[in-house]
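You will see two complexes here that share chain A, one where it goes with chain B and one where it goes with chain C.
Moving on to the complex of A and B:
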């Protein structure tokens, strides 16, 4: 196995007394499209800013293609294409001026590629940037981030603020231009239906901690909802990967990770149950706002594990 | 919920149409595989037709390239298509036995999903599992009787 393109090890960061990242570790193989999921304030942007060398972590290390952004930020920037959330660009420049302004910073800048893609995205070369639409600005940001042909691309919520058609186009570009050119892509997004279709793997970040990392398709196989009788569930041990429990009279709706082990245990005991496939947004929800207080022997098992 | 649709011309007068639902509880890979499989079995896609390349299909449907690779590999393992290195993915003439078997499995898969939906509906209406089981047993014995009666009528006529 080759070295991962992006390696994050035990990252910690606080702003004053507020801890925003704690023990964040990620390993993203070369060529993978990886989505970072989390609610607002979960720590996605902080993680990304540390990866770019724009913030210094309090603990832990990060490496991009073996380079440490904390000690060598310029070298990282030359290999990474970055689109910030709500990227602000010089509004008084024109797209063409912006490209000419950026070119000297990157030895590998490809002006022909930039020009061709401004055309493809129908971005006027000589209008003022502040007069562009939101969609055009994001696309211009992408052209500016990719024109030096980076091997790693980091996009902070790129589809935010785009209309539904522009989002489809954006995701299509992601598949067409980045996935097929063996670029490693790390991006954050709230559009979970699209993430599910496009990303190889995802990480769920919740209040500064990674709560789950997994291949997108495996995640859906491993996290399931199980419907069963309350009394039957009460007579069984609590599932290892329990995420969410809702009681509806004598029925229980249980969301659990590592579902196959729990399902085997239920079948072994001959307990009737129904398995429901979950979508990525439901799995995400179970991880970040799931609650397990409704578990029949909740107090007992909490006491046992304490 | 929304859809991505694609129409690919695979031969002069034939085309392949796929409609993929986002935000469905059916995984995207299964949706793609089922629709291509159905079009192979129904003869819309004929032996020798070349399917769109992995990249084209991934781009048009906006799905991960690896997802499409896995779908093509699965269809190849089922003997419906052949992936020729450097040339593309081609529809194979399905051997009769295989075709019937694949068709049967397809229909059984579909049935399993409908069955699941009926059971869920019953639970939502407040029926208990033993009640559902009793209804299944009653329905099965009624239907079995009806099927054997039909078969008998067919034989005597």
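Moving on to the complex of A and C:
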């Protein structure tokens, strides 16, 4: 088995007394598009800064293509394409000047590729960057991040701030690029519907800890919403991977991981139920704000029916 | 309205405390200096401190008044309150004016106590008709009431001058995009105010013209004359001269200032309500990006960085040089000697202008070069690139510094070298070459240090000027050390050079300028540490103002 492109092992980081990351472990194989999901403050940007060698972890190890960013950050950055949400470029430069300026920093910089993609994204070569639209600026950032053909691309919420159409367009361009290249992508975002279209695998980061990691398809396969009668659920043991419970009159909506085991148990007991497939954003929601305290217990259920 | 005033008080109290401490320290310093030297010139010194304070405070306060809410991200909140934005603007400008005025009043009150107690005394006012017009040291002492009137005259003029600058900058700030632009514009106005305030003091102006001019431009009601650095004066002192009808002029200036304040309030309400949903209007000269069409390809990172930094620093430095030339031309027009051609007189006056403007402009360039790259936006751009923080810092530092020294000092030295050297303030000298590039380097480095530390361009730049001013004050506060002031050393070197001999091993030059060189290296190293590794703002050392 080949070495993973990105390997994070038991990562920990605190700012003062505030613990930002704790025991974070990830292994991203070569060529995979991996989405790092989390709310604001979950630790996504801190993880990325550690990956780029901008922050030193307090605990754990990180390797990108076998290089430790803490000891050799410049080598990592020369092999990584990075695009941040709020990244700006010199407004007085033109896209062409930006490409020429960046070229000496990357031995593998491909000016023809850059020029071709400026054309493809309809970015004027000789207009001042400050005169570009927000969408054009983000696409220019993408060109600047990819023109050296990095083996690893890190995207930190790059489409934030774009209108829905521009976001879709950006993601379409991104998908097209990813399909033609073999690079590994770490995509951090909270625009989950868009991530879903491109991500092979996801990790959910909540309050500095990885709460779930897995293949996107598998995750959708394993996490389901089950609708069943409230009283029937009360007679059943609590599912192993329970994430969220909501009562709607006499019915219960249960979101659970490892749903197959629970569904088998329901079928064995002959309890009628309905299975609902979840989107990635619903799975994410269940993991980070799901509430399980509404699960019916036997005695309360008995009292209610009496 | 009470809530608005309370909010204003909460926002301003930190600055008010700093400014009050500044003016109290200035009053204590001036009194102590007078006790040490007994020049009877304390009011002139106090006046220069109050004037300097008024300018710095006005720039700071205007930045906060005009664009503070946008910088803090509270504009939408304020716009949503059930009060008109004009009221909010009125509260902001009144709060800012009070924050500027109160420290001067406190400083002048302390100074009054020193005069009343007989601790210090003041020489008779300088008047064109009086004896020993040019020599304060030969004048009689003034009665207490006269000194008191002189003191409160200079205090009131500093208050009115500072308030005028604050109001104008706040007003212009409504059209500018951000706080940094207001600070930059403030620095230009600062230089312009030198010319404007001195304009009617040359030649034979009538009192009535000075009065009318004083209504329009209150700072012109006083002029400062500095003496020192030469063998017959141990140390230095500042004489001052006041316009006769100063109080009526100040009285008539009030409605004019109120008008500017009213204009600001109107514009604040209008502009801010618009800017909630749209960007402020931008005025920009559209120069076509011609160089983009030229197929420049950089051979290596250093060449790319050289191009980048030159592209950023040269326009800034060139603007400073242009401003210096304009100031020199205006000065020549005001003091036209008719002994030489106009061009020759400009070349004679250029070193004197560059010496001072260079100190300010080196700070502007230093902070301007670093502030953008250290912001979150461009910081993110740099953080993702395979460039070491050292390479980034030192390429920027060296190229910016070379640009400052080449354009400001280098060109001035070249063009003015053969100009006549008729007075201490005209013509080029070896003393200049040996001293001022070093002082400009120090100012540049201090500005870089302040900006890398605080990540705020204007604050960083002004702190560098304050830092140098404090250093100068600390040295010149004592008769034993006054000759070690770098400017005094320059004066001594220049005096000996004009007498036909220059020797850089004398007058403490090796010690003090050696220390300056050491400080420059130390400050630059410290700045490089503080900028590393281009960390985002929240990881830098905070300073709550």
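The rule is short, and it goes like this: the second predicted complex is superposed on the first by the 296 of 306 C-alpha atoms of A that agree within 3 Å, B and C clash if a C-alpha of one lies under 4 Å from a C-alpha of the other, contacts with A are read in each partner's own complex, and residues count from 1 in each chain.
By definition in this document, contacts are C-beta pairs under 8 Å (C-beta built on N, C-alpha and C of every residue); 3 or more make two chains touch, one makes a residue touch a chain.
Computed from a prediction, not measured in an experiment: that's the story for all the values here.
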With the two complexes overlaid on their shared chain, look at chain A and say whether chain B and chain C clash or fit. fit
With the two structures laid over each other on chain A, which partner does A:84 touch: chain B (first), chain C (second), both, or neither? second
Would you sort A:151 into first (chain B), second (chain C), both or neither based on which partner it touches? neither
Which holds for A:106: it touches chain B only (first), chain C only (second), both, or neither? second
Angle at chain A, chain B to chain C, CA centres, as a multiple of 10°? 140
What is the contact status of A:246 with respect to chain B (first) and chain C (second): first, second, both, or neither? neither
Give one of first, second, both or neither to describe whether A:190 is in contact with chain B, with chain C, with both, or with none. neither
Look at the superposition and give the distance in whole angstrom between the closest pair of CA atoms, one from chain B and one from chain C. 27
Chain B and chain C footprints on chain A meet at residues none
Counting only contacts in the complex, chain B reaches chain A at residues 2, 4, 22-29, 55, 58-67, 116, 119-120, 123, 129
How about chain A: which of its residues touch chain C in the complex? 49, 52, 54, 73-75, 77-78, 80, 82-84, 86-90, 92, 94, 96-97, 100-106, 125-128, 145
Chain A-touching residues of chain C, taken from the complex the two chains share: 289, 291-293, 296-301, 303-304, 307-308, 311, 375-378, 380-381, 383-388, 533-535
The chain A residues in contact with chain B across the complex are 33, 164, 168, 171-172, 175-176, 179-180, 193-194, 196-200, 216-217, 220, 227, 229, 251, 272, 274, 276-279, 281
